[in-house]
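Following: one structure in structure tokens, then a few remarks.
The chains carry the letters A, B, C, D, E and F, assigned in the order they are written, with residues numbered from 1 in each.
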Amino acid sequence: MLKEYFEDCKVGDRVVTPGRTITETDLVLFAAFSSDWNAIHTDREFAAQSPFGQRIAHGLLGLVTGFCLLSRGGWFHFWPASLVCITRLDKIRFLAPVFIGDTIRLDAEIVEMTRMREGNGLITSRMQVRNQRNEMVIAGRIQLQAGCRPADGCSDQGRQP
Amino acid sequence: MLKEYFEDCKVGDRVVTPGRTITETDLVLFAAFSSDWNAIHTDREFAAQSPFGQRIAHGLLGLVTGFCLLSRGGWFHFWPASLVCITRLDKIRFLAPVFIGDTIRLDAEIVEMTRMREGNGLITSRMQVRNQRNEMVIAGRIQLQAGCRPADGCSDQGRQP
Amino acid sequence: MLKEYFEDCKVGDRVVTPGRTITETDLVLFAAFSSDWNAIHTDREFAAQSPFGQRIAHGLLGLVTGFCLLSRGGWFHFWPASLVCITRLDKIRFLAPVFIGDTIRLDAEIVEMTRMREGNGLITSRMQVRNQRNEMVIAGRIQLQAGCRPADGCSDQGRQP
Amino acid sequence: MLKEYFEDCKVGDRVVTPGRTITETDLVLFAAFSSDWNAIHTDREFAAQSPFGQRIAHGLLGLVTGFCLLSRGGWFHFWPASLVCITRLDKIRFLAPVFIGDTIRLDAEIVEMTRMREGNGLITSRMQVRNQRNEMVIAGRIQLQAGCRPADGCSDQGRQP
Amino acid sequence: MLKEYFEDCKVGDRVVTPGRTITETDLVLFAAFSSDWNAIHTDREFAAQSPFGQRIAHGLLGLVTGFCLLSRGGWFHFWPASLVCITRLDKIRFLAPVFIGDTIRLDAEIVEMTRMREGNGLITSRMQVRNQRNEMVIAGRIQLQAGCRPADGCSDQGRQP
Amino acid sequence: MLKEYFEDCKVGDRVVTPGRTITETDLVLFAAFSSDWNAIHTDREFAAQSPFGQRIAHGLLGLVTGFCLLSRGGWFHFWPASLVCITRLDKIRFLAPVFIGDTIRLDAEIVEMTRMREGNGLITSRMQVRNQRNEMVIAGRIQLQAGCRPADGCSDQGRQP
């Protein structure tokens, strides 16, 4: 069911997404976009001599691709279409490396909801990025602001299509 | 001065980076890479009717491009070349929107250093991303693991070139 | 509701997607990927003198970005997760130019379903890409193959996660 | 010979292009640009269990890269430089999967030409995309509009450089 | 006419290509790919205060996009299909800045040809990149190695398709 | 030490950069950006039959990625922050092919400095791109213009942040 407003979510709502294989292409594209070309991500010779034995994905690459796997089922089957913006990231832990060829999934669950004044609410979700061996590679919390269901006659600008 | 090991850093080390203008291209590239095409980032018509009045950059786009501005002076003039990996993000706050055409800079400062067993240490830095009006748009903390200066005869695999 | 198998779809199922603004970035990326740098798409001087008066998006760019707007609500709220592959495009008509800055949406409707032997079926959808003035810019039909609900004990390899 | 106008083409004109190897990079870039991250294209684990046994390229990826191989010999050695725009795709059939590492070529032939009023004509070409084993993977027809040779004193805006 | 071998070229062969507008997207993509994010290319605030008054394209961006405009007419209508590789760049002069929105063309002419032993030859071309005001922005020479027409019974590995 | 002005450099200043592995992704991205899809760079079947036995990177790809490795230590620890623009490339020699998977480094040294009128100077550097076997693959000279230290009261527009 498509969620429209803050009220359409509840603590305990959960989704486990399909997977995305992290490729050498992803490492190069992320290095380029971010300008983080550190050798552990982009130098095969150096990485082979490192404790990891091979190149590893940037931690932020795993965060971005992992958290955004929510798109795969349609964002608004988990968070509401009245989503305004991201407000916080907390206790993000990078627990294990993501290697080229690993396939990651996201396990997300709403763990806290707070109604604010002025027709908005805050939704906090627990996020766990797991690889193909079901090892947790990144975990943490994300908080978003979303609009509440408008009372009669109220404007409704924030609702995403 | 190039920093080689954990011991070459100290609390209070600080850098303010050059700027990067966030362009429409960045929004499209980030939407593509992350698969987050939510309308507030990619639909000019919708965004014009939103409270923001225009498209806004993804929060994670600001995080990635902002934090990685450290590349501009050379990563290892702030963090040591023995950098192993990112371990934590804490208390990341998205404080103000980044619009197309805004130019962001990073103000980073080492605020905590903890020596670990096995020749590694943890370095925590306060990160502040600011726009061209000096408004803070993202703030938070990042923690990294880095190698200590090897004792005589020790191997030194972790040091980045 | 998430659709799992061919049987979960029916003629008349319809979706109208959120929009995506076609940017100069999209034209450059598509020219690069496709190697179609024809002047009407990439040369501002030439395009200004053409009957269009400005650069126009590649027809195939409109087709790809328009048809794939189905991702926005989650593919499998329209087509079933047992999707195998695309089989046909028919009667694709490029009806009006897409300019830089135009915002397109997709109006898709299932118009024909044919059960095949061997546990598969064909689903034909009418696709209409419209701009922000609700003008139809591309129209046509797409046919896909999808798996039927497996009988007891059958394998179920084709179902997408 | 460079073709300038509709009249410079004739039914039976044919070209077979050089090849392009479809890479993992192409799949990631196309998934990103189109927002089609379906698992059969981007999840190595899922694809290994599918009937295909591996990831397959998006059908539209094959269409775009295959048809645009015309750039390789110079578009206007096949179609005329007075090309205005694409008008139709018909009977596009996706006949066999394109795998990572396959090398595709295009075999194109003009099969129909219709003069229109107002100085334009329609050119229909049969398009066949073949892989390195000469298997036809995509076939169909594309129709374009192109300008006729201007009579004396006529303007000639539509001719591409 | 398609040129197959070294012998199919002669000093004085010349081509002037169609144009390509250099966009903000090109600057961002080139900064990303090259890792050259220097402020004059990517920081709107800094560039506005510079003598140029605005961001300028990287010199190497102009070189790459300008010289490769040869693709537009089909490489092998200027150089032969037996092209082996680039061997030299000489006297490359960056004469004027390329700004976002400028449209560049290439004027190329073969100025020297030297037959080598072992069935190869060297072809030197004068390259001039000009903008929409016909100002020369980059000029210089490029030298390539290409295969000669094989004698009877000789292998012909180097000929490009 | 960060160099601010022309006077902060001297002949003999030298840097050897960290490495970057040239990937299949880099070849595809460069082919796309440049529009140089010649078969030796992008067609695995053709390249396997060529004298190289495999695809080779574009010469200009090696030039761009190799020369810009200067970013890795921070541009302005080698050249001064008062850098204005690139003025010349001379005697660029492409000495050996770069294959997919090769890792390149740059060895750069300032070899000539000339003070100009109007507060600028020219800095010429010898550039050598080497692979993981320490073979020189590209060599040549680059000349840049940079600002001199301003006399008291002078404006200082050219200094990069």
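As a convention for this text, a residue touches a chain if its C-beta (ideal position, glycine included) is under 8 Å from a C-beta of that chain, and two chains touch if they have at least 3 such contacts.
Given the structure is predicted, the values throughout are model-derived calculations rather than measurements.
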Checklist entry - Centre-to-centre on C-alpha atoms, which chain is most distant from chain F? => result C
Checklist entry - Pick the pair with more C-beta contacts: A-B or C-E? => result A-B
Next on the checklist: As a quick test, compute the distance in whole Å between the mean CA positions of chain C and chain D.
Outcome noted: 17
Checklist outcome for this item: CA centroids of chain B and chain F: separation to the nearest Å works out as 26
Item to check | Gap in Å, rounded to a whole number, between the CA centres of chain F and chain C | outcome: 42
Checklist entry - Which chain C residues sit where two or more other chains touch them? => result 18-19, 24-26, 29, 32-33, 35, 37, 39, 43, 46, 71-72, 160-161
Checklist entry - Within the complex, which stretch of chain E touches chain C? => result 18-21, 23-26, 29, 71-72, 101, 103, 132
Checklist entry - Which positions of chain A touch chain C when the two form their complex? => result 1-2, 17-19, 71-74, 76-77, 160-161
Checklist entry - So in the complex, which bits of chain C are touching chain E? => result 24-25, 28-29, 32, 35, 37, 39, 42-46, 55
Item to check | Residues of chain F defined as touching chain E within the complex | outcome: 26, 29-30, 33-40, 43, 46, 49-51, 56, 58-60, 63-65, 67-69, 71-72, 75, 83-94, 97, 140, 157-158, 160-161
Item to check | chain E contact footprint on chain A (complex, rising order) | outcome: 32-33, 35, 37
